């Protein structure tokens, strides 16, 4: 794929300094860029690469020194590079516009303009698929599902009946939305399944990682609010709510009915008991085992999760503990010696 | 979908008090029910909702006070509601009865009556699929697999060759049954794959969560016995046995050849070393790291897993440890002071 | 399936002692083998089974005593059995040679000789699939992917655009290769996606477990080097490198840009912070939380991960801690008693 540098410059309001006729075929880091590539320098420590890079053009800041290379100047070259990259790679669609002849679309399903629905996609009845949404091959969408516009649904994603997905959501390969919550009544020596009658709602701009699974509510909704980003292999149980702009790293697990606030950051492999409240802007360390609600802005770590500074102090003490065991034994000997001496002093006194 | 209230009443032997002509279009919690819905009140604290709910009928106990609402009375309204819900939602099949023309069925495979096999399902040779089983679109079933009756196999499930699945099993989206166990011989500086020649057996009434993976045995069988319930994203390694009516929460992992007893409860993200025995009715805390066999009925938690009361005591001591470090330093000072004074007393004595 | 014993003997240069006309229909452990089966005895403690087994032939060592059973002798009967098993089960292909008529292959894709590509496989444009590779039904392969020869790609595997896979790799069901790395810039109160422009490279002889996910690099490559074995449900983040012949157990998670050396062994559910170096032949315990780089050959365990012997000492001290709290209280009492007595002694002295 080839895009003219003057077109790229117009995407981010950049000024070109040098050869305006350059054509760009790829993007890369300054030290890895090849001929035909656009790169960027945002950090002064990479400035030295300007003379040796093979890049055909380099995005730089307003005050970057002039160079024999063709430069693109913007006020924030890193952010501009990201904007360009997003647009550049969007120009290389993986799924062709339109509906692949092998896709199976149920009765009553309405499909917006400008979609791309790939081979062997199966979509149920009475669904809605918004304008510009791309669905990769081999996805499954159950009956009455609503998917917004400009979504990107990668291969092998499954979305079960009645779930709702907002605009500009991205679901990665193997993501599962709307499987049954894990609910049983135990009676007469065996488990009886509790019907899982609710749904999953993903609001706008949500991203769901590969093989991540979000269970439908028992009744009502499991909700992932606007701008939430979930990494791979995460478990979100029934009736969980995750509020706006929270980010969760891979393999974390959130038990039933727990509510996570806005702008929360959760580390990888962290786990949450059910029915907790994690307030806004809390930070949860990787592998933390959260057994109690977490106040706003608190940073908790470890198992069971406690405030970071408390855990650090405890771990530091624990590291000193083997030494302390010795010290205590030593101290006890000294006390015994003292007791012995006092006894002797007292004995002499009595003798007198 | 619409079901007459008198039909619903007959499903659970309920008596109707009020308008027998009501038609039900959905089920919901008492505070969320809309017109046309059936709801229930099992807990007295929800009794107050009877006057304000929009539900068109409410399931209540035998001694619930009369009301202007239409009531359905049974002896256990919660359990009755669950039974109704299971049946109500079964009336809304997602996959049409019969075999979808795009499903590919291998030679020699026998399919029972009344099945529903969805689009783009691929089933191998010489399989058996029992009566009434539903297989959602895009599933893969390898050669010689036997699946019992009335199973529910959701989209994107994979079952490899020779595995056996009982009656009334539920496999959620992305579940994997019968992948190779993780076995290698290390020789001459590299791993050599050990062929995984065994199978996986799921007995009756087993439920397997989304993206959960159960490896086939190296030789023999990995067995999940009757009534076991596995949540999402669980790893069950080769040659594991899980005995009847055990429930395992999401993201737990069980290493090779470990045997889990009956009625065991395992928390989320718990991990088990290989070749252990976890006896009947043991309870394993979330995130526990089980490194030794667990006796019957024992409740173990933490890493490494130990009896809950022991862990609680240790964690309580650990929380006091930073304070204790100070106390010990304090105590040492007092001992030094004592030693000093004793020395002085002894010195005076000698002087005399 | 039936293979003549003399053919099997020729695979591993074994000598036959007994009935050369035997035909083998299966392989099993000595205590589970049935008539028509080949088994093996490598460990002297299983020698007693030679008289009672139903196996029709048994692989044994050079010095194993003669028997009325038909024996196959080699110098390493266990290793020979593995070689036989691998070949025996390869004779039972699950996917027929050739390209299934429902497989969709993009323009410009080149397919080697002797492949088997199953039903409803979707392969993008300009890919290369090497000689002898088997792709099970319902797999997705994006544009420009290169897959080497003799690979085994099980059902429901997804490989996104531009990734490269070596020879003899095995990808289990639900494996995901090349999903976007988890990278965002936080600006103006929301996350902005960082385009993930890199790829994933799997070198030769790599095995990837079921539902394991390997993210593509932000720029450059996420690399899994020759002979690496990954179990199920593992997370490998963007820009990770895993060097030759490292083995990682199920549900482990490796954060972005971390580098794992050669011959490293990683236990199940272990987690790694980003940007670490784990040097060659390190061993990481199950559930360890690795927060710092690990030197060559070191064995680390626990959270936060520390050398095994240090952790053992700390855990032993921790187990003694509740007792120690009591001892300290006891010791303090004795010190108070001493202080009291000294005070008394001093008082008497003053009196004098």
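Residue numbering begins at 1 within each chain, and the chains themselves are lettered A, B and C in the order written.
We adopt the following convention: contacts are C-beta pairs under 8 Å (C-beta built on N, C-alpha and C of every residue); 3 or more make two chains touch, one makes a residue touch a chain.
Every value quoted in this text rests on a predicted model; they were computed, and no experiment measured them.
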{"item": "Shared interface numbering between chain B and chain A [over half = same, under half = different]", "value": "different"}
{"item": "C-alpha-based rotation, chain A on chain C, 0 to 180 degrees, nearest 5", "value": "120"}
{"item": "Rounded Å distance, chain A centre to chain B centre (Cα mean)", "value": "25"}
{"item": "Multi-partner residues of chain A (each touching 2 or more other chains)", "value": "120, 138, 156, 174, 211, 233, 251, 269, 303, 318, 321, 324, 328, 331, 335, 338, 342, 345"}
{"item": "Chain B residues within the chain A interface of the complex", "value": "27-29, 32, 78-79, 82, 85-86, 88-89, 94, 102, 118-120, 136-138, 154-156, 170, 172-174, 205, 207, 209-211, 227, 229, 231-233, 245, 247, 249-251, 268-269, 286-287, 302-303, 315, 318-319, 321-322, 324-325, 328, 331-332, 335, 338-339, 342, 345-346, 349"}
{"item": "Residues of chain A defined as touching chain B within the complex", "value": "104, 120, 122, 124, 138, 140, 142-143, 156, 158, 160-161, 174, 176, 179-180, 182, 184-185, 187, 189-195, 197, 211, 213, 215, 219-220, 233, 235, 237, 251, 253, 255, 269, 271, 273, 289, 303-304, 310, 313-314, 316-318, 320-321, 324, 327-328, 331, 334-335, 338, 341-342, 345, 348"}
